[in-house]
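For clarity, chains are labelled A, B, C, D and E in written order, and residue numbers in each chain start from 1.
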Amino acid sequence: AEPIRIGSFLAVTGPAAFLGDPEKKTLELYVEKINAEGGVLGHPLELVLYDTGTSAKNAVTFVKRLLEQDRVDAIIGGTTTGETMAVIKLVEKAERPFISLAGASVIIDPVKKWVFKTPHTDRMAVEKVYADMKKEGVTEIGLIGGSGGFDKSCLKNAEELAGSYGLTIKATEQYGKGDTDMTPQLTKIRNAGVQAVLFCGFGAASTIVTKNYAQLGLEGRLYHNHGSCSKRFIEGAGAAAEGVRLPCAALVVADQLPEDDPQRAVGLAYIEAYEAAYGEEVSTFGGHAYDALFLLVGAIERAGGADPAAVRDALERTRNFIGVDGIFNMSPEDHLGLGPEAFKMLEVRGGNWKYLY
Amino acid sequence: MSLLLVERLTRSFGGVRAVQDLSFAIPEGGIHSIIGPNGAGKTTLFNMISGVLRPTRGTIRFRGENIAGLPPERLAARGISRTFQNLQIFFNMSVLENVLLGGHLGLDRNVWRALFRLPRLRAAERRARAEAEALLERVGLAEWSDAPADSLPYGALKRLEIARALAARPELLLLDEPAAGCNEKETREIETLLKSLVADGMTIVLVEHDMRLVMNVSDHIIVLDHGRMLAEGRAEEVRENPAVIEAYLGQAAVAGGHAP
Amino acid sequence: MLLEIAGLASHYGRIRALDAIDLTVGDSELVTIVGANGAGKTTLLRTISGVQPASHGVIRFRGEDITRTTPARRVRLGISQVPQGRQMFAPMSVEDNLLLGAFTRPRHEIEPELEKLYGLFPRLKERRRQPAGTLSGGEQQMLAIARALMAKPDLLLMDEPSMGLAPRIVERIFDTIRELRATGVTILLVEQNAFAGLSVADRGYVLESGRIVLEGRAAELLADERVKAAYLGL
Amino acid sequence: MTEFFQFLFSGLTVGAIYALIALGFSLIYNASHLINFAQGEFVMIGGMATVFFAAAGIELPLAAVLAVLLAVVVAVAIERLGIAPAKGTSAVGLIIITIGAAILIRGLAGIVWDRNFHSLPPISGEEPLVIMGATLLPQSLWIFGVTAVIALLLWFFFAKTLWGKAMMATAYNPLAAQLVGIDTRKVVLVSFALAGALGALAGVLITPLAPTHFQVGVMLGLKGFAAAIVGGLGSGLGAIVGGLVIGIAEAMAAGYLSSAYKDAVAFVIILLFLVLWPSGLFGLRGIERV
Amino acid sequence: MRRLLGSHHGGLVLLVLAILLMPLGFPNSFYFDVAINVGIAAIVCIGLNLLIGYAGQISLGHAGFFGIGAYASAILTSTHGWPPLLALLAGILLSGGIAFAVARPILALKGHYLAMATLGLGIIISIVLSQEVALTGGPDGMPVDPLTLFGFEISGTWSWYWLVGGTLVLVTWLALNLVDSPIGRALRAVHSSEIAARVCGVDTTAYKVLVFVVSAVIASLAGSLFAHFSGWLTPDEADFLRSIQFVTMVVLGGMASTFGAIVGAALLTALPQFLTVFQNYEHVMLGLVMVLTMIFMPRGLVPTLALRFFGDRS
């Protein structure tokens, strides 16, 4: 039968490679699995995937290529917000369903007809952290983050939301691309007198900040955002990571979830499949791609084919889809469909994640 | 009035005094040679006159005005041109283009006319090319005109530098060892060329170790040693000066023409 | 025969700079090459040293075919060159330049050799700490000659060694050439000053447009009408 | 005051890392006047290869040695396959070759290893030393020590040995170097091999502080290059001072001015240094004459 | 053929023909998109080549000027409602002004030191662009209004293709004229021997400043076009990696060859599109192509091929 063509453009290399790489691996793994099991509605899936190198300009070109040359039926991709925003006009004009894997809420707020996304917004992560801080009686905090889009968006939300949780930001510090030491920034935060610190970033910086935090002996809890939801972070930071709290998708602690939690089974299955195929730990970023792919597959099945308009409508009517990121309920007003409960609050204890609530 | 008047000129490099307290005058017209042992300061002197080096002390008057310390491009505009002992050819250009660049100041250098390639510029370029060809003819490089400069043998490059310097139509031409690397026959050609330039009214200052050439063409010779003036005078006077023989010429040179 | 060259050709891109050169230099012989600008003299010496590839022919040194060996190995075999254009290690001191000249020599031989050459060129001793690139042209030429001698070569290739030198020093250079020869060093000399060059030589070759057009005993060449007309300016 | 020392320690640690990388740049520069933009990749190989050899069950010290060897092999390959055959390529062209090689190595590392980040345990524990109220990790001391020793060794090599001089001579004038019997091909090759080893060593030493990943070489290489330039290309002492200047500038800018603009401030300082010392702090200058 | 390529009007005719005829082979608008990106990069490279190839002064920071042009257009049109043409001119003035202001101290540096200084300049610009979130939207970027010229909105790949193509031809023509004038010769002289150039009366500093400013202005113009064309702008466009890409284009295509700059831009822009067939290995292949090109075509594509096929050394 005619294959159903799914286009994808991801930051497999470049600054966001840490996010894009597992996304790519996930898509490739599951497209193969789906095809092995007979495809969707009897059609095999064909994945056309391009590496943007984390460049919005390349994203634009590749999306044009996906639309014009490869004539794909739907698009999954845009690892970063910049890549995603740069192509929205194109997909809207071409009228093809598009599920973004980037964090920022601007992508779906205001709602764009053809654009959906799977990751929780960074705003939700910050809210989760702030709620926890408030519960712990913290009132004065410091922020530290990188200079990339992911980091800055988190910092911006953190600054905007602080007031509503009764928090005062005493210091906001940044580090640069490829920095290897953040003690000066943390020293300033320490001197500002804070009760807790929120870290906005991902990758190697998570480890460095955490180690420097311990080195300087800062008092008060260090919170990370969901960029650090990777076992690599604990391994890298070692003892320094003890006590760090962060909001993560259920996937990270799937095995600690109660037996009756619907996400447990989905998460465990994904973990098993991914780790068997690649011999490396899953990441929540790969999970975004997982959800995007299966949201799309579900919509195609419900639409009875790959007709873009029908798939789009079906996507918008997604109800109770159990993904690794949470349970999705889309609507014409909400093209994400996740609630704040999709994040779980974790703490690092004994070199492992501890599921708190 | 002297064309060039050097007064108490000094240049040192750290501890080395390359030129010390040197004073002399060059009248307009004729060929004036500066000779002296290796390291006597001849090239350093040229470098100061042409603006390549700033003097440590002293003045250089060109047509009465002190030009010491002015940058080379300003001096070029005033009519001072030179060749280099260590070749400074534009190796990324053709032979003809090297000469054209020598005449740079005489060309149309307006950016807008260049960008839009207006007819006035094209006409000026055509004239310049013709002149450059003529100069190459004059130094005997006509057949190399379109060759890339980096394919020329050493001796030809020496003559190319002369042609380039001439393209600026200088009033004062400084030649630093033009005959180095040339055989007798080629040296004769240079001799003829120098004489014809002087006949056209140019003033030439020549640094050269080929004594046959120096003695044949010089109206006036200055001998430097250790950055100071050792002797000055007409060719015959200098040639017989015992101090000059001792410091520079050596015995064989006195005996007959050239070594050994 | 110390050096034997047969059918040698060399090119710069498509330009043929040397063509079918046959040339020999016997042990302890002093051979001079004369020729106009661009005749290919420098190219010939460069090819013998191995820094310019031979496109045809063979070069034999003490009977061994060295046409394809590296320049460094040729120096170790005993071939050293005073290059045209002096080729200083400009930022390095005069003394370092000289020490590098003896790069292939055993350590203990370096010091006496250095003193000997300082004796020959007192000027260099005065300037031993100065960067070679700041020397005057003639001083650099002295250094180039001294550096080549530091290698204590069996075959010394000299490309216009007298260029840019004061007459008194030129005399000294030619004296040195004679002395070297007397101590058994073989010399292949390229000289624009054809009269001086041929006067010290045993034999000579005349190069024109990359070919040898004339060869013979130096005295014969000096008397040759064509040589007189073309190179001696007589 | 404590604050100042904390910034200073940060600057020194980071600066020593930059210095170590800058030494690699200087080494190759000294032998061939080439800027090797793949230098950062050696740092990456040092860290990543150690991690992966260790993961394969090799003892950590041996894994580190193997990683250094691997970097040497890669460096030699770049020289043999990329630089040596490129006769007649301009200086910028050669730089493009090293950039191409860097892209290639990075691409391979992303495939052969992975695109995750990895850490290594520090050599002597993580208990920070407290000096003047500020803290310093023992690993920083290791980095200072190794950087100082290597700089000293390189200084000795270039200033005191004939081989070192032959290496510099090769860069100053390859033709003359050949004419005095220096095997210039070998010299350049050796310089690459040493630079590879140096880079990898830097990688091994810094991975405990800052995790490595397949793209870590880009920024580290850039900062190392900046350090080499500020200090003066080719000078070992310059590499060290240059590295420290940049490291300290970054730390102080982050501490006292604005952490958001600290990199910009650091580059402004670099520009000012260049205006004041156009050939770097300890670079050669003024040997050209006509 | 040789004359056609040798004399620059011949080359220009070829370029015009190529631009006119290429669309015949384009099956869909994706090809136009690539071609437009090639054109924009080529415009930058022609300017950069004046600086690097002719005057011999390296710049590893030209993406900074590209970024200034792009953001000037983006901010002034989208945020402040300026007419695009005016915004473009403002960008040019700003880039040219910055270039002029820094040119003297920076261009006093030589070789690798100059490379470092320009690299630093570019990095500073790109940091400002990504830090000033309120103005530029930060790393995630900002939207840009479409380009309107004299009341007409340029939209759709067709119009963009002709606009960029036309600009490219114009810039090429101007660059060729400049190169083939006393000024162009003076620039090449600066490259070869500054001291000899000065002795010939060339005010080398003035010429270096001139060509630096001209190349910055051209980069800025291209940046403005890019901003409107792409509709979304991120600071990546001003990143130092992008600067290095521009230099690579110039060198691969052939330094001191205006058509080389165009070919280099085409190669490095289009190549990644072809290399996607290598899947994971596309970066490996890209690196390999760069290395092999420089080994086997040491003078760059255009000059090496011209030499091989026409025996033309220029």
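Points to keep in mind about this one:
As a working rule, a contact is a pair of C-beta atoms (placed from the backbone, for glycine too) under 8 Å apart; a residue touches a chain by one contact, two chains touch by 3 or more.
Here the structure is a predicted model, which is why all the values come from computation and not from measurement.
The chain with its Cα centroid farthest from the Cα centroid of subunit E is C.
C-beta contact counts were set side by side for D-E and B-D; D-E has more. The mean-CA centres of subunit B and subunit C are about 29 angstrom from one another, to the nearest whole unit.
Mean C-alpha positions place subunit C and subunit D at a centre distance of 42 Å.
Averaged C-alpha coordinates give centres for subunit A and subunit B that are 73 Å from one another.
Multi-chain contact residues of subunit E, defined as those touching 2 or more other chains: 127, 131, 195, 282-283. The set of subunit A residues touching two or more other chains comprises 13, 147, 176. Counting partner chains per residue, subunit B has residues 43, 52, 84-86, 88 touching two or more of them. Counting only pairs that meet the touch rule, the chains in contact are A-D, A-E, B-C, B-D, B-E, C-D, D-E. Residue ranges on subunit A touching subunit E, taken from their complex, read 13, 50-51, 54-58, 60-61, 64-65, 67-69, 80-82, 85-87, 89, 104, 106, 147-149, 152-153, 156, 176. Looking at the complex, you find that subunit D touches subunit E at residues 35, 81-82, 85-94, 96-97, 99-108, 110-111, 218, 222, 225-226, 229-230, 233, 260-261, 263-264, 267-268, 270-271, 274-275, 278-280, 283, 290. For subunit C in complex with subunit D, the residues that touch the partner chain are 49-51, 70-73, 75-76, 80-81, 83, 87-92, 96, 99-101, 103-104, 131, 133-134, 147-148, 150-151. Residues 27-30, 33-34, 37, 127, 130-131, 133, 138-141, 143, 226, 230-234, 236-237, 272-273, 276, 282-283 of subunit E touch subunit A in their complex. Within the complex, the subunit D residues that touch subunit B are 289-290.
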